[in-house]
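These notes are about the structure you will find just below.
By written order: A, B, C and D. Residues from 1 in each chain.
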Amino acid sequence: MSNVKSALGKPLAGWRTQLYAIIFEADTRAGRRFDQALIAIILSSVTVVMLDSVRDINVRYHQGLILAEWLFTFLFTVEYLARLLCVRYPFRYAVSFYGVIDLLALLPTYLALLVPEVGVLIDVRILRLLRVFRVFKLTAYVSEYQALGLALRASVRKIMVLLAAVLMIVLVMGTLMYVVEGPENGFTSIPTAVYWAITTMTTVGFGDITAKTDLGRLIASVMMLLGWGTLAVPTGIVTAEMSYARHAPATTRTCQECLAEGHMPDAHFCRHCGACLPDYAHERPQV
Amino acid sequence: MSNVKSALGKPLAGWRTQLYAIIFEADTRAGRRFDQALIAIILSSVTVVMLDSVRDINVRYHQGLILAEWLFTFLFTVEYLARLLCVRYPFRYAVSFYGVIDLLALLPTYLALLVPEVGVLIDVRILRLLRVFRVFKLTAYVSEYQALGLALRASVRKIMVLLAAVLMIVLVMGTLMYVVEGPENGFTSIPTAVYWAITTMTTVGFGDITAKTDLGRLIASVMMLLGWGTLAVPTGIVTAEMSYARHAPATTRTCQECLAEGHMPDAHFCRHCGACLPDYAHERPQV
Amino acid sequence: MSNVKSALGKPLAGWRTQLYAIIFEADTRAGRRFDQALIAIILSSVTVVMLDSVRDINVRYHQGLILAEWLFTFLFTVEYLARLLCVRYPFRYAVSFYGVIDLLALLPTYLALLVPEVGVLIDVRILRLLRVFRVFKLTAYVSEYQALGLALRASVRKIMVLLAAVLMIVLVMGTLMYVVEGPENGFTSIPTAVYWAITTMTTVGFGDITAKTDLGRLIASVMMLLGWGTLAVPTGIVTAEMSYARHAPATTRTCQECLAEGHMPDAHFCRHCGACLPDYAHERPQV
Amino acid sequence: MSNVKSALGKPLAGWRTQLYAIIFEADTRAGRRFDQALIAIILSSVTVVMLDSVRDINVRYHQGLILAEWLFTFLFTVEYLARLLCVRYPFRYAVSFYGVIDLLALLPTYLALLVPEVGVLIDVRILRLLRVFRVFKLTAYVSEYQALGLALRASVRKIMVLLAAVLMIVLVMGTLMYVVEGPENGFTSIPTAVYWAITTMTTVGFGDITAKTDLGRLIASVMMLLGWGTLAVPTGIVTAEMSYARHAPATTRTCQECLAEGHMPDAHFCRHCGACLPDYAHERPQV
């Protein structure tokens, strides 16, 4: 939310400022209520799309669902126009990440009107499903995603290296299994065999394709134990980062007298020289 | 146990106090024996319900199982009445969490008597199965649940954020697979496709619904590797919390001036009042 | 090995001492060779039992396998008698853990002679399979098991609590699924439903029993996400213990001047007061 | 790359030195571009082999794929000859790890020419698949593999011990299941039963072989919970190592007297020579 705001410069004066505060800000009471209502509507909209795909429900309540669909589309349209209206640079919003997603949530329903042929309707429904992406707007409201993302970003490079290693193993092992088991045992092609190898290494194990020969089962056994050990590595990487971050909050304060670091968040005095620490309590209300 | 007690105020004098000590307290020898017997009876009761559902056993030993069922119900009824009798405020116990569960463990068997029609019996058995919840009473006796729960509570908020992220991914991926694979490959509706996506992301992989097309298998492969990486995150969160808690016992030092606890092992001065801390080395013999 | 030795007091003089040194000790060259040969024979013996169960191999090489079987049994018998001969208190060895396993590895083959009726042979083979347990003797030779076991023992109690919680969830969820799905969808009894629930919670997901109804799939989805989160807890417990143990070796040295602790293993001087630390280098050769 | 270089001594002067710099070095711009092109060609080559195994694509584009196959083989041959030409000791390169892999990537296609009988072609394709191993050359370009490998090597011994324990459990449990379930429920031999046991313990759970009897399901349930707990151990080991390594960067301080590194953040004196350490606080701005 704040990055959208910063990208648009200072908001305008008058009623547009008030509207801006309600729609884009989450700090005021009205803003918080708007966000909550929006999330509820998004979830309802997703639910309607999901229910519409269930055959029994589709047959019985098709009219109602289409009505709800149009209601949600109307609400999203009004919200989209309001957003465009209250920001200083509407175009910047329109091409921003959330602006594009907001638009994508509206388009499919309208496109189905412009191209009314029955046969195309099914394809249009595919586009309509993109509204599900609207849920991603939720992320903007939860500040915790950033903390989590930060911890993950630190280990992204290591995990990419691991992923490359896994892809190599999976490629070699899949090829090996294709040769050993062959098309008659379900390993119809190397891509299929690699799909099986990924299934095995990640311990998912669907079981639609399985080793039938003794040699194939031996290789599969090795792969399973391999995947089991490998599973520990990304976990280890992420945990090490999080464990480090968990300990970190205690180590950012510095004593102004002896410059000792690593004081706990609730410390008032330096544990090395006993000097009074810069008061933490001023930054947050006392409990 | 203790929270039930505190909710009821001081126990009454005389034989009710003694009964209270046996039933609600776990510190005395009688109280401990009562608890052990109760757990044994609960486990036996659950076993009887389980065995009764197995067809071969049901056909042969139905009479005996019904008898055992009534015996356990009688014992639970006596225990329930005794609990009501010995507490100062019976109503408070009756509406407390464990009071309601205690009652739910009795009701189904009696309700089967009041509504004796044969056809309803099966539905009543459903209610009877609620007795299984009685097992949750076990939790009250194990203090370790609290330590574990505390470590988990610290990371609940982070895990909720992760769960929301997973639900979004699962929703989008399920929708995508519904479009790609379609009803003819088992993805009969979006909810079904989401069920498959959860199956895949959590590495359960039942295999009752699986991708058949090449594109579907590619998406499934990405999802499996994604789920594999994501699996590391909650593990990392919980581990970081537990690792932090595990290191905490090293900070049991107490300031003699302000009685603040939790100083770091190498601290020389209290971080709360700045007083000199008792020398750490004096507390343990030299090696 | 050492606990067996200590249980038997001082070994006898003469050739029995020499034999004892070879069979029970692993420090001398002869002893190490004996252990290596024994492990090789045990592994070969297990392989023969395994191959004998494969039908194609059984039909073709049955005579050879039986011969090998008898050869291994003869070697194990000689070894067992030698062990009895060279220890001071043969009976103590015979009733010790490894003594019983050594005997159990011999008995099945001989018992098949005493009870030669063809129909019983299959049952006897079951006993013969106990020889696989002989492999457990391997544990005695690997000191690392103890370090691993120690780290696990520290968290056994916490894991037991978790296991109890998991069993409760699995019991309740299994019962719920039995009611929701019913015998017509494969949930033929509560034990079967609990088996499915364990399959789901542990992310194994065989897929022989799966939810068919929408409600059942919803419950299954919740269980999978639940199991996913729960998976993090034992990992977190064990990791926290191991991480603690991994850091511990650095914190056992104490400065004799300022009594500061937690010096790194290769430190020569106290990091607090600069005094010379008790020399670590004397305990191990310089590199 | 560097180890290949060091194994070959100083490169020759003139154009061979330039060629060497391009092919073997990754520091210059030309060298980096060569490496990137090589990786792209390797990936394309692997893709062609994979696509050729898909039946639909094979039927339609067989000619094109064979052409691409020969093009890649030609490029790899030129590269191989260039490598032989520009190193001081060509034979040393030829017998080095990457030299052998480079050769193995070429041979299959040429061998298919020498042995042109149709029936043998399929076997030759098996050799051709070895080109996939060429991808392993990628590892040489990613320095991060070494850091990851180092962390893993530290825990390799512990994981080997765990693996041995798992193999024992799997052997015993597989044998037990073979006896309990028997060939009529899919456990046709002990190796098959062990394969199932590995499937179960690693939580892969293909579901092609599953327990049918009640006793078998009970054993399977215990195994799943066992595997679940065991899964935590390698994760714990690796995480503890990585967590330890992650904390290490905090000890990058260097003593100005003896140049010893790795002092703890709160150290005042060098733990090697006892000299006063440069004050930590001076190195970073106050907050």
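One rule holds in what follows: a contact is a pair of C-beta atoms (placed from the backbone, for glycine too) under 8 Å apart; a residue touches a chain by one contact, two chains touch by 3 or more.
Here is each chain with its UniProt name: A, B, C, D = Ion transport domain-containing protein.
Not measured: the values here are computed from a predicted model.
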item	value
Those chains which touch subunit C and also touch subunit B	A, D
Chain whose mean Cα position lies farthest from subunit B	D
Winner on C-beta contact pairs when A-D is weighed against B-D	A-D
Over-half contact-pair match to B-C, picked out of the listed pairs B-D, A-C or C-D	C-D
Residue-number overlap at the subunit A/subunit B interface, same or different (half cut)	different
Centre distance in Å when subunit B and subunit D are each reduced to the mean of their C-alpha atoms	41
Approximate Å spacing (C-alpha centroids) for the pair subunit A, subunit D	30
Junction residues of subunit D - those touching two or more other chains	54, 191, 194, 203-207, 214, 231, 235, 237, 239, 241, 243, 266
Subunit A to subunit D touching residues, read off their complex	157-158, 161-162, 164-165, 168, 171-172, 175-176, 178-179, 183, 188-191, 194, 200, 203-207, 210-211, 214, 217-218, 220-221, 224-225, 227-229, 231-233, 235-237, 239-241, 243-244, 252-254, 256, 259-262, 272
Subunit C to subunit A touching residues, read off their complex	54, 203-207, 214, 235, 239, 243
Complex interface listing, subunit C residues touching subunit D	46, 49-50, 53-55, 126, 129, 132-133, 135-136, 138-139, 142, 144-145, 147-148, 151-152, 159, 163, 166, 191-192, 194-195, 198-199, 202-208, 231, 234-235, 237-239, 241-243, 245-247, 262-264, 266-277
